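Look at the two complexes coming up: chain A is in both, with chain B in one and chain C in the other.
Up next is the complex of A and B:
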């Protein structure tokens, strides 16, 4: 076992031990914080597929996170107001069932990722960064002006959506659901990186010309990676909306895109558990520094600056050494 | 009846001209932002998300100094000096370590700078917006040929912006510094070999871009409120401008900025009107304003499909 494996196992142990302790000590707020960390981690694992594996610096993943959130918000809103989402050409009704909402979130965000991907992957480098950022802003302004679903104020959902066999209103049960999904997504990302597709994508990042020479299409590989990445971020968005029982245009904002990227970088780009460590550390900092000072973003900024300038491998890189990056 | 129709037609012509002027004014201010960004990218290969912070710093310097001295002009000078100084400082401390790093690192480090600048400004000035007043000699409306009343200050913004654009053009095409900047865009090893202090050149270019952004921030600050976070929406619009115009091209930045300014302003006014032809008024307003908020991005997507490198882009 490498040191990175130990770090990964330790992280996972924290995700199990802290909430269990919180149940025993009756600290529901800690469970909420851990749920937040787990959901952020799912979004970041999604981004890491595009960023770490595919080398696509997307500053627009808030689009998919937000679409996931609004999928939940709109479906649940129609369910709680007993109105139909659409009556023509076929009757679509709202729902309070998590599996249906998740599926919707995944489908909607994949479709958006497909369209945005087709357009923005025509370019590379700085163009790609700017364009993904711009598309994020487009959805942000659209959500603000879409008054039917709350506009700037967002949508409140009064009761958390249900999952068969669980009482999602109990914090630890909802947390268990999120942790289960995080594990599923991690297994998926891990298998994906080891699969022929993952290897080809990795190669397309490092030597696109060679990949093309052996008959693979780097553009297609990148597009698939972008769609998968967006789908996972969408799932995380739906969960995040359910955690807060609230969606607002903030989910689409460029700050959200930046934060998802910070999770990945804080932990370590291209490492399986990088996003998970990053999300956990971010939530811990947010809670701890946010309690110390109203201006905690300054310290976050300084920390990020130090990591970018002096610790390329992120926190996992600091602890486990740089040799373990899978490329 | 005929007279009424004619009257409405005349009114909407005035409205159209007013909105075109508003669009031009917005576009020119975007150009000041986009020119700095594209210059910095062209010469140093750096993507600078913190450019919006420099815009904000300019606005805050102007509001603070104008508030203390009562002079708008001193405020503008403070905006230029403050933003250039902040730019030079940031370049020396952080940015110059980023030139050799990849775009991901540049994005993150400059994102970190946004956090530091925004929260730092909130720390110093508080969360409430500051106000920068239009000076007396530029306030009030002016009557344009054809009897159109238009705010003098907005007209002044168009003129000042065009003058700065012209100055930038002369600087880059006619002066020694301009030759060095253009050489730096083409071959940085070669101009270093010719004995030009490339590190100093980079600092100057960065400070120049920062000063342009700060200047724009101060000018716009007088018609909007001066507050933390004012820079980022403009920054992202400036990115759209650069994507449309082509990275590294000042001419592209100008054309792109005018296109974006006009599309955004005219779309906001006329799309709801157009929608009224198809829907009832309240639905039309809501659909029209939603569409208008997306118009510039649709424009960007269209340019991308037709010309992935932008209208005047040399490199993709």
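Up next is the complex of A and C:
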């Protein structure tokens, strides 16, 4: 086992131990914080597929996170107001069922990622960053002006959506769901990185001309990576909306995109558990530093600066050293 | 030998790779001027010329990274002028680069597996471990054995010496089972020993896939080439056997100087 494996196992252990302690100590707020961290981690694992494996610096992942959130918001809104989402050409009703909402979130954000990817992956470097950012802003302003679903004020959902066999209103049960999904997403990302697709995508980031010279299309590899990445961010968005029982255009804002990217960079770009560590540390800092000062972002900024300057492998790189050669 | 047998071997076989009158200008610079040359089965055709003669531009047009202004490129008798690099690769064109373009963070084996993956044409598999897929690793390992890198398979490519990276370039090209090879200065930066080994290797390789060889190492060119074309200011000023090129007055003046 490499040192990184121990760091990963330790991180996972924290995600189990802290909430269990919180149940025993009756600290429901800590469970909420951990749920927040787990959901952020899912979004960041998604971004890491595009950013770490594919080298795609997307500053527009809030689009997918937001679409996931609004998928939940709109479906649940219609369910709680007993109105139909659409009556023609076929009747679509709202739902309070999490699996249906998750699936909707994944499909909607994948389709958005496909379209945005086709349009933006023609560019590279800073232009790609700008185009993804521009798409994010488009969705942000669209959500603000969409008064049917709350516009600027957002949508409140009164009761958390349900999952068969669980009482999702009990914090630890909803947390368990989120942690389970995080683990599934991690297994997927782990397999993906080692798969033929992952190998080709990884090479396309480092030496695109080489990939073309062996007869593969780097652009198509990146597009599929972008879609997978967006789908996972969308799932995270649906969970985040359910955690807060609230969706608003803020989910689409560029700050959200920036935060998801911060999780990845903080923890370690391209490392399997980088996004998980990053999300956990971010939520911890947000809580502790946020309690000390309103301007806690200054300290976050300093930390980020130090990481970027001195620890290119993020916190994981700092603790576990260079990535091991896997065979 | 019967007359029939003689004619069977002397009939000019159709070229594997061919450029017909390709021209390419960058502004006022005419990098390729009406270049027509071909690569026949079993041969090594060397392209030599001073720096700035347009060798890289020529290779770019053959491999599909640069579009010629006029003229056409044919691979196995098929016009591929408008086909992308990856389509030419699929049709059997292997290439090694002057400046190694390998995935440096990856292992030697991973780079070779990438070639095998390209040859398989099936990168859309998202679950199974590529390095545990025998159909891929077998091709990759065979290619590594052929260039003598099998012992370094688990090493990071960035750890390889310059010469070893060249060997890996060749191995990746071999995984594609190419029908024609374009090699851009494979000897550059190699020590005498490595250069000698690679020369011997290319000598045998030509029977598997003919090689269009751009090379500065004249010893290697003269010992390997069946034919040599000399490129000066974007123009082929002479094509011929080693002896013909050595004897050619224009070539001596333009390029070879004392070396010949």
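Quick note on the criterion: the second predicted complex is superposed on the first by the 322 of 327 C-alpha atoms of A that agree within 3 Å, B and C clash if a C-alpha of one lies under 4 Å from a C-alpha of the other, contacts with A are read in each partner's own complex, and residues count from 1 in each chain.
FYI, a contact is a pair of C-beta atoms (placed from the backbone, for glycine too) under 8 Å apart; a residue touches a chain by one contact, two chains touch by 3 or more.
Just so you know, these numbers come straight off a predicted model, no measurement behind them.
Set side by side, chain B and chain C differ in how many residues of chain A they touch, and the one touching more is B.
Applying the stated contact rule after C-alpha superposition, one finds that A:309 touches chain B and leaves chain C untouched. Of the two partner chains, chain C is the only one that A:197 touches; chain B does not reach it. Contact with chain C, but none with chain B, is seen for A:210 once the two complexes are overlaid on the shared chain. When the shared chain is aligned, chain C comes close enough to touch A:221, but chain B does not. Residues 51, 57, 59, 119-120, 122-127, 129-131, 133-135, 137-138, 141-142, 144-148, 254, 258, 261-262, 265, 269, 295-298, 300-302, 304-305, 308-309, 312 of chain A touch chain B in their complex.
Those residues of chain A that touch chain C in the shared complex are 191-192, 194-200, 202-203, 206-207, 209-217, 221, 224, 323, 325-327. By the touch rule above, chain C contacts chain A in their complex via residues 63, 65, 84-87, 89-90, 95, 97, 101-107, 109-111, 113-115, 117-119, 121-131, 133, 136, 154-156, 172, 175-176. Residues 41, 47, 94, 97, 101, 103-105, 107-109, 111-116, 118-120, 122-123, 232-233, 236, 239-240, 242-243, 247, 286, 289-290, 292-294, 297, 300-301, 304-305, 308-309, 316 of chain B touch chain A in their complex.
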